[in-house]
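Look at the two complexes coming up: subunit A is in both, with subunit B in one and subunit C in the other.
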Partner chain A sequence: MLRHLFKLIWNKKGSHSLLIIEIWASFMVLFGVLSLIVYNVSNYVQPIGFEYERVWNLQLSNNQDTVGVSDKMHRIVQQIKSNKEVESLSRMSSNSPFSANQMMNGVTYKKVSISPEFFYTDENFSKTLGLPVVAGKWFTESDRVSKFTPIVINSKLKEVLFANENPLGKVIKVDDKKSFKVVGLVDKFKSKGEFASDSPALFEMLSKDDTWSTNVLIKTKAGVDANFEAKLVKEVAATLPGWGIEVSYLTEQRKNRHNLTLVPVTIFLIVSGFLLTNVALGLFGILNLNIAKRKNEIGLRRAMGATESGVTTQFLGEIWVLAALSVLIGLLFAIQFPIIHVFDMKANIYITAIVIAIVLIFIIVTLCAWWPSRQASRIHPAIALHEE
Partner chain B sequence: MIKLQNVEKVYRTSSIETLALNNINLDVKKGEFVSIMGPSGCGKSTLLNIMGLLDEPSKGSIEVGGIKVTNYRDKELARLRNEKLGFIFQSFHLINDLSVIDNVEIPLLYRDSTLKERRELARQALEQVGLSNRMKHFPKQLSGGQKQRVAIARAIVGKPDIILADEPTGNLDSAMGNEILTILQNLNEEGATIVMVTHDDAMAKRTHRLIRLFDGTQVL
Partner chain C sequence: MLINYIKIAWKVLLRHPFYTFITLFGISLTLTVLMVLTSFLDHLFGSHYPENKRFRTLYIAMVLQTDSAKTSMSSGPASFRFLEKYAKSLKTPENVAVVSNFSFSNTYVNGKRIKLNTKYTDVAFWEVADFEFLEGKPYNEQNIKNGDHVAVITDDLRDQYFEPGAQAVGKFIDIENINYRVIGVVKGSPATRLYTYGDVYFPYTAPKSNYENKSIRGSYIAMVLAKTIDDVPAIQAEFDNAISRIPKDEIRDGGHFTVLTVKALKYFDHFLDTFARDDSQKVFFYSIGALILVMIMGLPAINLVNVNVSRILERASEIGVRKAFGAPAKALLWQFIIENIFITFIGGLFALILSFVIISMINSSGWIAYADLTINFTVFLVSIFICLIFGFLSGVLPAFRMSKLKIVDALKS
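Moving on to the complex of A and B:
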């Protein structure tokens, strides 16, 4: 029967070509949207790697004040730390968690080069963000005496640079003048939020005279509210007159970051939903019309021995064959994405999207064809045979 | 071979009731070639549809090949139609998108058969009606007579006991009509039981028995 259906479809390829294009286009749209969704979901299910609850981000801007910035930063950190509401705090560069800023730089180890994200911070970073060190230790002030700048790396960077080697104690090069020594390893650090991928990260200890890293992450004690925020701003403003002060909560920044991902995905979903609904209605209409045109054939097949369910299956089978042809054409395009790693995404993301898109296409065409096919099977053979 | 007892067929709409067949009693014996005649609208096609299990009588019982089909379900009726009956229609009812041989194979698709078996049986059936040279053609490339011969090949491919022909020569000129009737006579001589609806007295005279209907009632 399958061969018969293929033959029937093939002999009517001219009239079916638009239908095939329509299903192919739907497949491609679904594949695109699903790749985006699968990518984001697969990132989302991976742990973020750190704690952001009760962590505030104090962003300071020295504006025109260029005198003794590092001393002033050191002083303000000590001052904030002295508040009983503060559990822990850490200075860091402007690419704080959930911010839009990025700082990339190249590093090399045994001819393997990569550009991880650099986070400049101090010895309290791990404690403030609850970022567990899985091997070695987080750098401390005592590490400054070392010949090389102490760094902590994440597992992703370790995989690329060291593969199965133990990274601890290894020296990696930035340029001819600067090299790092790995003192610790953390697992994941998805600083751009749950929807971001776990990308290579490197934590470098702030130099004593650093003037650029003016962000302070403050982990507050439980129950601390906005009163402390007001007090903190007042205190900082009094100590650093003329400086810009902005306090944001990491929980809020995380939400904003999520929206940056969720809003476009939702828009894509709505647009593709409309598109697929139109395609589904079009398919439904075409199939209905097709069946009305083929009443004689239905009557004939019933007379020749087809059952009601046989007629339903035949019409469903025809649309499945059409869908299979369309999907095959679509696969020629879609399969290029995992092969050539388009957008640097993992192959399994595209493969998953392809599989889901195929399943959805078959569900859509089956739903669209079911009712007209069922109607076709219920046409009385004697009536169908006498309709011209 | 086909036995109808007290068969009645009433078509009902919300406002009107039409008696299409009234108390039909009929017994078609094995190997008979029976023709049904009557004016338009007298119920000839309805009777043929009931004999072919394409329609259900409002009253009465039907036996096909010794099997009483009252209360038969769709699946069982379909199997009987496939195995015991072959149909020929006035307007041929060939599927234009399929080649001649694929059209002939259709009844075999609804029973257990391999592609090779189907091809062989279809080829034999087409040879029987003299169309083995047109197997790969499409219906649009054939004349009316050739189309009807394809329809006959399709009717006989499954080797049914009974052939039901609804005005098989109605759309053909007399020469083609004669040719088709000769094929049907040959099939009858080879053992097929044939019931044919016709308007043509000359055709009817060439059959074994004539049944005449008038206003849904059997008058002969």
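Moving on to the complex of A and C:
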């Protein structure tokens, strides 16, 4: 049966080659769009790991004021904390959750090197962001012993650096004057939002005289509104004249962050959706015409005793073989992506995209071929042969 | 003759409405996608309000510092002082504006927060960018010298902070506990024009502008306006020359970077420069773009050719009759090409209407504030040209095959 179908297709290879190119191109488009979607969906289903509701991000910039910045930061933190609307607050570096900033540094432990994202923050961070500590504890001021700076790592970083060892208490040497000591482990911290991948992260305790980390995350109590915000800004502006002050809500920043992913994906989806509708309509038309041309062949088969379903299967089978050929050519291209790790994505994302693309291609061609095939099978042998 | 061909084409179109629909759907849809896309690119990169002179403007937006081995690098906008020294001093340009990169702030009115994009600019900014002043005027050198707390705001901010449509000049706006006197109201610009978009504009000597910053890197960019577009290479040469003469000590700037790369580039080049630093990356960038374009245009084109090839056999008998009566292959070829161009133009017309609807939807949706996407003359010409290419692509191949058919074969069916 299959050999026969191949023979039928081979005999008309000229007119079929255009069809093959068309299905191949559709497959490639589907593969591209699906890779993007599978990548984002697989990230999205992973929990973000922390709570952002009711958290405000106060971004301060000292501008030309360079005198006693760290003291001023301490003072302003105490001052904000004294407001009854504030549940908890924490200082952190400029790469606050959902921001566009990134800070990567290299760390090495037993000859394994990696560049995790560094978050410089204080002891209230896990409480302010509701980031659960799964092993050990979050660092406090008492953990800072001589040249050991306490750090907390996430499980992704632990997997790379320590594999199956228990990371707690391990010391990572930075230079002669400074070493990190792991005091806690958190599970996930996807600071760039749900669509980001879970990447290695390292939380380092802010040094007392730090002047760079001027972000303050403020967890407010329920029901606090913009009136308090205006009051807060006024207060900070009075204490720190000449400083830049910007307040944003993490919920807003998360939304902006999501749009960076959602807008291009939606545009791609709409465009490729229209492309595929176009292709499907075209395929339907072509198959309809092709089958209409083969009336006498169908009449002959029916006269020789072929059943209706037999004829339908033949035409469906032909288009399936065609689709399989096109997909095979497409696979030659698509399989390169997981092999040479294009765009640094995991192989299984590409493989999933390939599988879904194949399934979709077969669904589309079957849908397009169904109606013409049914029509063909209904041709009465007497009429078909009479026309001949 | 032409009228006859078009008459035949019209009859053929009406004979099978479904196939006509498939063909027109493919053509108009592809063209719509292309036209909305070109319109959007034109919106991003073309010369529009308030950067009407963008085509003869150069942008100095990024300073790249590297060490001699090129292993580590740091990049970002320049400081005000740096641009004042090396961009403002250029002789060839008509004018040079220095403006801060975007920064943010908030203001509060009646318990409601308004997010602000703030910009610090010099006086030349108002000459390089063609803002439309609804009332008042921009700040002048005197305001800058005095460090006056004055601001130019957009109509949108006026409507939110004061009353909609109210007079704002002379009133005060409280931003981070400092009262600024409003001296002008401008029609706002779309957020996609990064260097002119803002809600409130301050003279660069206003508080928190960091114009005193002594290092090379800062938060300012320069817009260099050439007298004519032909002056552009001369300005670039003059600027490169000025940069190459910066002493080593100044480049070092207290850090370990010894190589300084700053370029005055046209808007699109400077945009590309932020993604692709060297030529191989640019080639990669262009080939990705070309690939997407080929996919968008190629798929419907193959589809069209396919439908046309299948359909043209329907008309074998007509061709046979014409050939039997002595029509040369060339005449037949022309008939089919004209037919295809005709249908493409009908598709083009639909596409024009469709894109018009989509573009006005984008403009009114508020998806981009102050969006001013238009189907302009260039976009229309491009799409007419694309229309023709499509006509030939899907017309020539099937028609060529058809006109070679033997009379006997054609008449048989």
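Rule of thumb we're sticking to: the second predicted complex is superposed on the first by the 379 of 388 C-alpha atoms of A that agree within 3 Å, B and C clash if a C-alpha of one lies under 4 Å from a C-alpha of the other, contacts with A are read in each partner's own complex, and residues count from 1 in each chain.
Keep this in mind: a residue touches a chain if its C-beta (ideal position, glycine included) is under 8 Å from a C-beta of that chain, and two chains touch if they have at least 3 such contacts.
Every value quoted in this text rests on a predicted model; they were computed, and no experiment measured them.
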First, second, both or neither for A:Val271, with subunit B first and subunit C second: second
Which of subunit B and subunit C A:Leu262 touches, first, second, both or neither: neither
Which of subunit B and subunit C A:Ile245 touches, first, second, both or neither: second
Contacts of A:Pro381 with subunit B and subunit C, given as first, second, both or neither: first
Which superposed partner A:Leu8 touches (first subunit B, second subunit C, both, neither): first
Which of subunit B and subunit C A:Ser26 touches, first, second, both or neither: second
First, second, both or neither for A:Glu297, with subunit B first and subunit C second: first
Touched partner set for A:Glu308, first subunit B, second subunit C, both or neither: first
Touched partner set for A:Met103, first subunit B, second subunit C, both or neither: neither
Subunit A residues touched - subunit C or subunit B, whichever exceeds: C
Contact residues of subunit A, present in both the subunit B and the subunit C interface: none
Contact set on subunit A toward subunit C in their complex: 15, 18-19, 21-22, 25-26, 28-29, 61, 63-64, 225-227, 229-230, 233-234, 237-238, 242-248, 271, 274-275, 277-279, 281-282, 284-286, 289-290, 293
Interface residues, subunit B side, partner subunit A - complex: 45-46, 49, 52, 54-55, 74-75, 78-79, 81-83, 85, 87, 89, 91, 93, 95, 97-98, 102, 105-107, 109-111, 115, 154, 158
For the subunit C and subunit A complex, residues of the former touching the latter: 18-19, 21-22, 25-26, 29-30, 33, 103-106, 108, 111-113, 115, 176-178, 207-208, 210, 212-213, 295-296, 298-300, 302-307, 309-311, 313-314
Partner subunit B, residues of subunit A touching it in the complex: 1, 3-4, 7-8, 11-12, 296-297, 299-308, 310, 380-382, 385-386, 388
